[in-house]
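My questions all concern the structure below.
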Amino acid sequence: MSVEFAGLLVYALGMSITQEQAREISEQRSRSETTRRVVSPGLEALLYQPIEVLDHGFVRVIDYLGDDSAIVQAARVSYGTGTRSVRGDAALIAYLMRHRHTTPFEMCEIKYHVKLPVFVARQWIRHRTASVNEVSARYSILDREFHIPAPGNLARQSTQNRQGRSDILEGDEAVRVLEILKDDASRAYGHYEELLDDEGPGLARELARINLPLGIYTQWYWKTNLHNLLHFLALRSDPHAQHEIRVYAEAMLETVKAWVPLAHEAFVDCRLEGAELTAKQLAVVRRMLKGDAVTQETSGLSRRMWDELQAVLEGRP
Amino acid sequence: MSVEFAGLLVYALGMSITQEQAREISEQRSRSETTRRVVSPGLEALLYQPIEVLDHGFVRVIDYLGDDSAIVQAARVSYGTGTRSVRGDAALIAYLMRHRHTTPFEMCEIKYHVKLPVFVARQWIRHRTASVNEVSARYSILDREFHIPAPGNLARQSTQNRQGRSDILEGDEAVRVLEILKDDASRAYGHYEELLDDEGPGLARELARINLPLGIYTQWYWKTNLHNLLHFLALRSDPHAQHEIRVYAEAMLETVKAWVPLAHEAFVDCRLEGAELTAKQLAVVRRMLKGDAVTQETSGLSRRMWDELQAVLEGRP
Amino acid sequence: MSVEFAGLLVYALGMSITQEQAREISEQRSRSETTRRVVSPGLEALLYQPIEVLDHGFVRVIDYLGDDSAIVQAARVSYGTGTRSVRGDAALIAYLMRHRHTTPFEMCEIKYHVKLPVFVARQWIRHRTASVNEVSARYSILDREFHIPAPGNLARQSTQNRQGRSDILEGDEAVRVLEILKDDASRAYGHYEELLDDEGPGLARELARINLPLGIYTQWYWKTNLHNLLHFLALRSDPHAQHEIRVYAEAMLETVKAWVPLAHEAFVDCRLEGAELTAKQLAVVRRMLKGDAVTQETSGLSRRMWDELQAVLEGRP
Amino acid sequence: MSVEFAGLLVYALGMSITQEQAREISEQRSRSETTRRVVSPGLEALLYQPIEVLDHGFVRVIDYLGDDSAIVQAARVSYGTGTRSVRGDAALIAYLMRHRHTTPFEMCEIKYHVKLPVFVARQWIRHRTASVNEVSARYSILDREFHIPAPGNLARQSTQNRQGRSDILEGDEAVRVLEILKDDASRAYGHYEELLDDEGPGLARELARINLPLGIYTQWYWKTNLHNLLHFLALRSDPHAQHEIRVYAEAMLETVKAWVPLAHEAFVDCRLEGAELTAKQLAVVRRMLKGDAVTQETSGLSRRMWDELQAVLEGRP
């Protein structure tokens, strides 16, 4: 099922967007007005377009303010004008990122429309420096959509890491787990409808929803500035973040790349692929560079700090 | 079941606190150290003591900073010193409250330990200006505790107000509703245990929890300043707030009264029982005071604004 | 002196903008690109254009995100869809404003470029919920521009109100005051140049500036959302705010009116011209409406609260 | 001049505290009440005591909430309980610091009373996540106290670094600079008094202050949580921060050490003396550890990034 418009196709992705939403998206994307504002051509191309995430979720950019040049403009009001070449801009943005001069990155703003399971929303909302308007289950009746993990994500609990996953369930065990998850979600939703039924109990919406599962989907508008967005993405695209929020972060990273390519490049170099070392770890690196054969025992580091240092030096996450 | 200490009894409230917690509370309450800091005797009496809320929830104060005198001290650094009588302090605090001079109220801080259902936590967390540490269901296994409404709270959906409740369910209908809620919650928790079982699938905790109901209890430490706390309480103790969060707000109002009695009194007068009128509504009041017999039709107000004005003038919520 | 462009004139206002800035503004205003984003035609017309404030200051809008429809969109994701007429939108926005449902107003964002005296900047920056990049006097040499009050603003200290003004100085006294202000500012700037002089002491910029007067002009980019902007404007356009910041707030109110006319109208009705009454004051109004002849003595109100009530009922600020 | 109390001496430091303040401090320090709250003995010893900074400034702790154990308690509600030894606490706090798990550090709060020059206050206030009440020069008449640099701090502008200092002025040049700074400040204050004079112009306070120099002293209460405090201290105790704010940061670091010794130790190791390396810099370190003789030319790093890396590897600031 698809809807054509403006030379593009919006697929009604799985169940993630309805035909009505596809029509609305088509209308939004066919809009074209003139503006005196700064425009990011890369992000204009993606505007309103849902990026599919998980089984029924999506992320799409609804609006934005500023681009790489707004970061440079803000830095230059503070630090005075300098070179104005693209190369100069890239170096300036990388410098700001490296030295955590964060306020110029606040001069860009972005607004997303996100559809996501409640347990993901609960992790997401802990980032306080954003504006949010979420569908209210006191007012509205939620749709019959729950997250059920794909078979390839049905991971066992790690025994080493209290918050980690290990190998993937297979065969009958996987079948049984999926059966439980689907049946319970389905039963809970069936009862939700029964409780709400006007001709039945007609229970208040705000009460009828209390037995819905944490995997049910919700939606919100989420607006934040680039500095806070990058902080969110650094934490939520990290390998230690739960897979189910990481896939949202990864989709959003693509929108950042389209929007502010210079800031994105600096962010990847400094934050995503860079590392922080403590004074004690740096002292060990200095000894190594002098040719000392340092072991954990002779390093003065705890086993954990030593392992973390090895991971950095070997380029492992 | 109760635990005696320091001349007080901590009741192990329903299932809301465990015996181990009761012991910990007893230890905390028997602590007595000397300090040079400002002390609020009213709040010291309540410190650590859980106030029971809903079926398995509680609120308790864990720590605080400042009292009414800290508000006065902060105002006086800004506005200069004045009278220093208790009467002067009460009038100054009322003045600050009335004129929304809010920064002096930020000079007091309080930290709560709260146990609450997830659907209440989701409303609560929308208040961004607080610090929170919550039990993580990625790390920990949640307890078998869900909110099931008391029979007297099983309200039907209002037909007038999309987020409101009307009359209470009775008889077989109420019995059936409670049965559904209890059975589903219980089945979901049983399956949670089965999914987690080491000898069974041993599913990762962060996945096993996705079918738990929104009514399951969680816990957190929640710390905020008095200004933000009062804003929270104004919104969440309001008759339009959902009953299940209002009962938390009411319990917390008692702690505010014990802690900063002058600020509490001003808050009740200005915010909880005061009202805001728009320019158009004030114009109608002025006509009425001159003796005009104003009706909705002659008022220039919409029906909704007229009704809201009537409610204020008649002292209805 | 003026610069013509795109059919408009940018006056090089007094000394407030330089010819180079006038050229930059002209370039910015002649920009025209297509966008899929929501556009506010009213604000596009004002974009980049400086609005002159005080003797050398200005405010100009540099960028924005959203319009009245973004507020409505955000409210509807929370509260469900309703009527979609312009009349419906106005009523919905007024309802949100009246009931302090503030989050939908956070969905609009605006960025200003402001030139202002340091003593005004110090009041302004107390509003913490904004992003700011200011010219740094550690890096840059400040220009020779100070605020000197216009003769009509040279007010005496009020004897009633510790932060108020009374009548205007005249004749020789006014002349003498202006002379002092101008001479001291001029001398301080002359010494600043002498201290900085490479061929003289060549003092570090961050030190040379410490004797510059609080009236010297600075500049910044200031970006905030509509909710926080309206809060700022309510406080800073208030008759109790210092005149020198109020003129900035008034200029910005005009930009809000051009940008989000429905939100502006609701804001004026609810906040700027509305009033809050305490429970005790409302009780007095109720007695008056029943025909009681209430006096301060019989009202139960303090003198101050009685006077405040009278001001509201008589429509005085 | 000194005031004795409770076995301690409060020196009326230079002009930084008045005799009345010394009496008030003495009273505050002699206070002793019992509390059930967590107490930090190290910080109790310093409570209320001014630490002298610059020529007339000070910092003193007025109140606090929590200690190292509050950080651990908050982490454990999120991540579950673990070992409870002091060693375990130190390792847990170091782990949280290293991995930027910042919310547990928000569970501690501290309130300072600070006296500082306005140009320092302007840098300080850019940290938005704090509560502040400052003396208002609209209400109050400021004291005759300005910052004049000590001769050893009269540094020339750096030619390499636009915000840096180089060598110290000496001889006649230093004398002349100090003369200018003192004379201008003194003249400005004299005129301030003349403008305010009731028997003269009696200019409004909010106007009379506009020619006071940026070096005049102001005072405020400043309250923040430990996470935000450490962020402030990392930036403001950095060698690139202006000397005149760095001395405040250094004084406050001492209070942090007394208050939360474990968090302080982790902060020094991770933040103050640790370093962040970008992906490109880490690649160079890996090549060096393999024995490659890397030069800037072969490193793929810009000159600036190469120099920054060298500084880290050689342990230079």
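Chains here go by letter, A, B, C and D, matching the order in which they are written, and residues are numbered from 1 within each.
In the analysis below, a contact is a pair of C-beta atoms (placed from the backbone, for glycine too) under 8 Å apart; a residue touches a chain by one contact, two chains touch by 3 or more.
Fair warning: this is a prediction, and the values are worked out from it, not measured in the lab.
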| item | value |
| --- | --- |
| Partner chains that chain A and chain B have in common | C, D |
| If a chain touches chain C and chain D alike, it appears here | A, B |
| Chain A-chain D separation of Cα centroids, rounded to whole Å | 35 |
| Junction residues of chain B, two or more chains touched | 79-80, 103, 126, 132, 136, 139, 162-163 |
| Category of the chain touch graph - line, ring, star, complete, other | complete |
| Residues of chain D touching chain A in the complex | 79-80, 91, 95, 98, 103, 126, 162, 268-270, 272-282, 285-286, 288-289, 302, 304-305, 308, 312-313, 315 |
| List of chain A residues in touch with chain B within their complex | 117-119, 121-122, 125-126, 128-129, 132, 136-139, 147, 149, 153-158, 162-166, 169, 173, 176-177, 180-181, 184-185, 187-188, 191, 194-196, 200-207, 209-215, 242, 244 |
| Contact footprint of chain C on chain A as seen in their complex | 28-29, 31-39, 44, 47-48, 63-66, 70, 73-75, 77-80, 103-104, 106-107, 109, 111, 131-136, 139-140, 219-221, 223, 225 |
